[in-house]
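Labels for the chains are A, B and C, by order of writing; each one numbers its residues from 1.
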């Protein structure tokens, strides 16, 4: 039969493991089969089902840029059964990956615009994909600003990349930690993301705001963006809900009539406003 | 393309015996109080005079546990062994009710929606559905309000309606049905003038689904979700007996270096169904989970797939240990005046 | 109005109870649990032999706990469940009024757990003869026969967990079957997973099951897993003189007495 069993994952070898923060790791994954690598492609915003054979599958975004073709990366926090099994993996181990699933950040529609990325905690990974994607196509966009906050300095993920982004002339990076989360030599901001956003007051003209973070951060960030003049169509975010299949069959990730796995995970604030609060 | 024939009562055994020469037949079998679809070897084993089986016919195509693949870890790699779908035998689902047959349409569309599920599809492709019209119903049946009916043809390959004479009106509805007819053409005779309608159960229409859908669009904040679900125990009986419910879980099981990944039935009524690992649950209360069940079947699916996820078989009501009666609750929702107009809080 | 209806209406109209949980006519000659807050609704309360669902199950639900003081129409098994739940510190005495209906049809209102405990203690749990016979039959089987008997019965289970949901003693917010680190019980409803589930449930009910039979009544597939808990109750009779839920006595399987028989060590 030439049709594929959609539940069968690609086999991926863990090429590199980076400890990002306490309990948070990034895996760089390479396809075991070269043919899989050649036929695979994805776009910024999409996600996949990562699995440990014998433990099960877990859903996270693809955290690397689609412009980096020979590998994919994922970043996860060790929390449940599958992420604990993943966390105990070593470089060289083979894990499963199904995907890519879901919709995308419409990067092509944002050509010529300024991009404002606002992320909190472990929600930088879904944004990292689109940040690198935009940086790899740097000339197509206007100003790129990244505001990233975490509870404490040690909770900031992608520390090397933050350094790299901070040292670039063509990116404005603002990092912040919650009050009390700073170290003596912390040079960034102190304060919650929405407050820092309000203080820095970025211009909304010709700008797209991309917001990813814990629900409470999102809740307080939207009104600030609203005050700064961002319209509902210029604010993007991603939703996450519990999923099993990733392609609209297992029936649990829906928010009203919208499936996060098929219609999302990327939504504009306007779309979000039309949905019930089932996320 | 419906072709009608007369099948004498004695021809039923001939048809069954012809089919079993080459196919596996699943039919309702009665054991104690429970009637369910089991593999049968003879027509004698098949239950008679059942209004409805306890578990629906979906269990034959959408298995309650289905192995998606086997795996084996060896030499630092993983070997994945997919199930051999070519080995699925030709099946006949015999004695299906029209409501169950219709529900296969909704299973088909969910399992083929964008991503084709070849495990379900292969089994579906190898199955023929021989349904029997209903000449009796109970007070849980409401197929006529859910777009089906006691003699509804949709989803069946052959529909047999028992006539007063004891003979059957055989309606050949699909190519699969024609193939079966061609296996034993002699028993398919010229039909009598007896009307099919006169031999069907009378099931009053209690509401119309289009009206229900319209009403549900405004019903998000209705009090009825709370009052109706107050007695709901949060089990999965309704979903598991339902012919249309298709939600599932994916689970791994391992034995040393090898194991399986499988899919098993799940229910939106379970509190863990949507719970995040963090403990956050988008549908925290039973009322929200009850709303999801009704909305999914009567609002979301009609929007996404063009038909409801309910064919009015009434099984969920029969199975409910707390007597949640879906027909009654839907009728109440249609006449509901408690929902504020604003759709989302 | 009859006696329990009058009591229920009175408790609601005086504001003594915020809600009455009982039974009313349901669909197809069944009864169903109801949750009344208005005195005029009390006239639709029914109580007869059809009231086999154990409505004590609702007393531990979050949605009900927040309603204020609850009056509950209680059959003897419901009364036993309330005492067992109280002995496990799951219910607060000041929030529950029991409108008990004894097997002989006598209506007794209990405002505190002590009086209810005294009444429950005056009764004994008797396993019905038809179940005793079935249990004897199973016990007489050879190991192979018994294995096949249970395999045949339990393999039908599709794990809808209606048994658990219907059981007042299954109040855990996270059941063992949902623990996945490690995964104690396989999730799929294959024969092994079903065996583990039903054995685990029976073990967790040992010394707690009041034999209300609500689990078996709830099972849409008519699986006789209640034989397991019934057998344990018979075993307690042999080994410890019998089990009855009580606020005063010791929990039968979590207490040690020096003269306990140790005949399980063989």
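Going forward, a contact is a pair of C-beta atoms (placed from the backbone, for glycine too) under 8 Å apart; a residue touches a chain by one contact, two chains touch by 3 or more.
Since we're looking at a predicted model, the values are computed, not measured.
The most centrally placed chain, judged by C-alpha centroids, is B.
Relative to chain A, the chain whose mean Cα position lies farthest away is C.
Chains A-B form the pair with the most C-beta pairs in contact.
Note on chain placement: the centre of chain A and the centre of chain C lie 48 Å apart, centres being C-alpha means. Between the Cα centres of chain B and chain C there is a gap of 32 Å. In this assembly, the C-alpha centroid of chain A lies 39 Å from the C-alpha centroid of chain B.
Multi-chain contact residues, meaning those touching two or more other chains, occur in chain B at positions 249, 251, 253. Shown for chain A are the residues in touch with two or more other chains, namely 80.
The residues of chain C never reach two or more other chains; the list is empty.
Residues of chain B that touch chain C in their complex: 32-34, 36, 54-55, 64-65, 138-140, 226, 230-231, 233-237, 239-241, 249, 251, 253, 262, 264-265, 267, 270, 272, 285-287, 317-319, 321-323, 325, 328. Across the complex, chain B is touched by residues 26-28, 30-35, 53, 57-58, 63, 156, 158-162, 164-166, 178, 186-190, 214, 217-218, 220-222 of chain C.
Considering their complex, residues 180-181, 183 of chain C touch chain A.
Here chain A touches chain C in the complex through residues 80-81, 84, going by the rule given at the top. Residue ranges of chain A in contact with chain B, taken from their complex: 1, 3-9, 11, 32, 51-57, 79-80, 83, 92-94, 96, 215, 240-242, 244-245, 247-257, 262, 274-279.
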